[in-house]
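Before we start, here is the structure in question, set down as structure tokens.
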């Protein structure tokens, strides 16, 4: 088995997760790590048997057949534009770019090779959501009527740390918007957002909100509600349920262990995992496995660049809805 | 112990429930049953040791100290206007009247005696919701940030049967609006509704919808979502959760028994009760007990006429929001 | 409707529960309350519209058609012997007598009228256990192979208070032994007990144990384990499960409300009810309703005197097993 | 990092699981696979980059520093006797030998090097059981009074296939006996077994039972019940709870996904995993990681040879109890 040489852009927590999953999967070899922070690039390269190199070195090596982009959102488009002529497989964390014109230009630059760009919507690879989608597809709950998504981070970032963030809707809710499109196999027709800074009003001073409720009306009429927040004292809260004509399908939180203690204080189970790295560990493994499969067999990637653009379109419409206090059509 | 003579308007299912709870409570005696359907008035009177009489006879008896109105919504205001001069205690199913001008006129006609009108918002008396409110009041989950209510009937009425209904928002969602006001001790500032006929498009032909999602922005900023539907194949679905700064508090469905069967098909518990008569049996008992307490001791009633009007104002704003596709301020 | 005049022996907590359920049921009227403690007999009589009388007065009144015995166990046989000639319906708390010879003599004294003695095995009337039995009868889990009963009181009595108790096996476990006979429709073939004073070794000084594990081998081979204890810090712990050839059926604890709190400390539900008066409130109502039904219609009572003797036989064999450290055959 | 060369005896399902975990762990290298079935030895060797060799070749290679024995129970002692002089680390599936005299001789042959034998009691490495033990150690439920273990396989083997099995008590229950010793940090004082062939009486014809209930009285008085069966239609049933003076701690089953479907048939979650390979996947990984840690650092192994002998002593006493129908002291 020839392993396919891979270059990884980024050496942060997300990039490290991908690197470890590449190693465990075994079908790709990590050749290069690229990060402006030389020390952490070096550290990750050393831990994984790769080399820390410059972006130019990586682009210039004709033997690199796969690129993984796990860098801050604002850098994705630049990397993608440089990758466009190479014809390699690309795994790119979302978004392609918050500027949709630019995102569409990136995809256009790839031409037919755009079908080789996989977007990092990891939740599509979670076993629970996959089981839920299977139940929908098999018609076990009939036609979806109402959908509810709860997606709250465990711990809110400091206001200053949020200064350059793309914000709750673009960064977190966009995952939920994608999940809904995928689960329902339907497109968002209209979006409406109710938003506020309920955790800390100072978020407003950096142009952010910390708590949002998104209503989506899908093309086929399904009513979707997405609750997002920067904070959940009880852990990373990730729940989803679909209420349909014949039944309801639900996925709840996962906990580190199943221990339940019964005492004079009540019956207590553990709270959910603290973050997406624990909650979606299996999904991160599976999305890299899917990418490795596509790279090594030529099978089409999914979710693709178009999915990235669709989800971002919903997020941008959500921002507009918040700004103008009205329904926004897509 | 002198029992207080009571007159009951209505002899349908709701009236019968109240009659049985009056008997079991013991503090009130049921003297009269009034219903245009003479046969069922007679039947209920006989079963409860009361007399079936005309409304005029009931109004004319100076010894009747308490009246219970459990008739169709459109008749409430007429009865109330005739009761206004009497100074008696009144238990009235919601709404006072869907025409808010008329509802306010009714209350005005009572003058100070309006404080003796108890509205039939039974859910305030449910032990689970009472425990949830206690947790909120004790600060166990901090400041409420997001609230979710799921309130779906088990079985949708036939389209024709829904012709003269006041509809899902006025009939069902209004209970949830009241529950939210009571739980959060806060007022609705803005309302937005997404509605559709997803179960059966024919509902639209009688001016009705069968599935609604209501967003409420409360005066203190809390974001509330209420999901209503005429149907839930899995039983009467009544859930509520409050997500706060320090934690989350949730109340789920109740089932007829706690039996759980584990077989080759999975792990299966019973589905929730079929209707509000079972789910809220305890709440119906407790609201009549509270009314009997007020009648016999003079203690103030709650929820009162003002609560009825406030909840109806939200329902009417919700209807306007649906009609015009926009946020409506209260 | 003629109500049947009833005499109640006892005015303690159990007797009071029966008195209230008689009132609510409505088919029997409580005529007499008999208790050596004149004050509490008087109090209960007054609260229920009955008269406090002597036992002799009650026996002498030919219009009393039903007797309820809710007095300490050692008094049951005396009352029963005096009731034997009267031919009335009798509801008797278990046991008939711990001395099985005397218990059998009581039953013999009744002759054919023994079929009118209902024993107070309330758990047979619990909706959860009834649902479990229905599942068994319908063959939903196939042949029962192993059964597990957990039955622990919430709070242990003081050692002195336990001096005259009939003990954990005769007082508590006997309920579980009856439940097993009824659920499985099978008889106990052999019993083995492991017992100890783990809560407080001083119980041994009054001839008692506080923690027992009973193994029952049923006539058809089913293996049953019953765990009993005088204490469960987490509330009155009442669980039962049957593992069968096709599946498993389980009944868990019931809690005062369904509120669940999620905080930094975990996900916490309420602990179970504190005692049998709350846990089996519905069962106590239903067993009196069943008795009232038999009294007013002549329908046969169940569970009957024979069930009382069978369960006591198991309890006595359990005591012997503990004393001799071996299996005891029945 | 120098990887330590390892030889693996066995190429069946268990051996394959260990081989995969060695690869993923990375600290040991799999040098040799030894199995009398040349084809499957070759297949496993090829899949893992090892060589299929004879046992003699493995014993003769002085560079093999670790041996893993995952072969049928009757072969363990022979391999161990040959390994005794080598001074290498050994991971051995339980039991050392069902003949306790022989097992003790094996351990004696190792001398001080017996401390380098790790027994395959995988459940000690399960995250749920580890959390439960931590709760016990921290005193969160006080003194253990009663313990309940349910441990049922999903699918019973054919009677013929069970002909050469060491049986339910030696093969399955022994895991539970070890778990109890480890959790409670206490020794078994007495054992009693109730056993039968309830699934299929033909098991008796090959000297086997299919359903057992074991009572253990621990040295400190704790009462333990272990329910074992060859079959559970609802999946591999693995539950454990400890009831203590201050509370109860419980671990339930794990399911493939958390999907819950609510339909007209009820509320249905998935049934537990099908077998130990899924349920204890994490535990199998962790026990090999612990072994690799000991091999590479010299840290003491646990559970050790003595734990294997202690658990087997309980299993042999359990067999005697079944045969003679009485308590057996250890």
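Order of writing sets the chain letters: A, B, C and D. Residues in each chain are counted from 1.
Just so it is clear, a residue touches a chain if its C-beta (ideal position, glycine included) is under 8 Å from a C-beta of that chain, and two chains touch if they have at least 3 such contacts.
A quick note: this is a predicted structure, and the numbers were derived from the prediction, not measured.
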Set of chains adjacent to chain A and to chain B: C, D
Between B-D and A-D, the pair with more C-beta contacts: A-D
Cα-centroid distance, chain A relative to chain D, in whole angstrom: 40
Inter-chain centre distance, chain B versus chain D - centres from mean C-alpha coordinates, in Å: 58
Contacts with two or more other chains, residues of chain B listed in rising order: 233-234, 246-248, 262-264, 270
Partner chain A, residues of chain C touching it in the complex: 233-235, 255, 262-271
Footprint of chain B on chain A - complex, ascending: 142-143, 145-146, 148, 150, 152, 192, 194, 196, 198-199, 211-213, 215, 217, 221-223, 225, 227, 229, 231-234, 237, 243-248, 325-327
In the complex with chain B, residue positions of chain C that touch it: 24, 127-128, 130-132, 135, 140-141, 246-252, 254, 256-264, 270
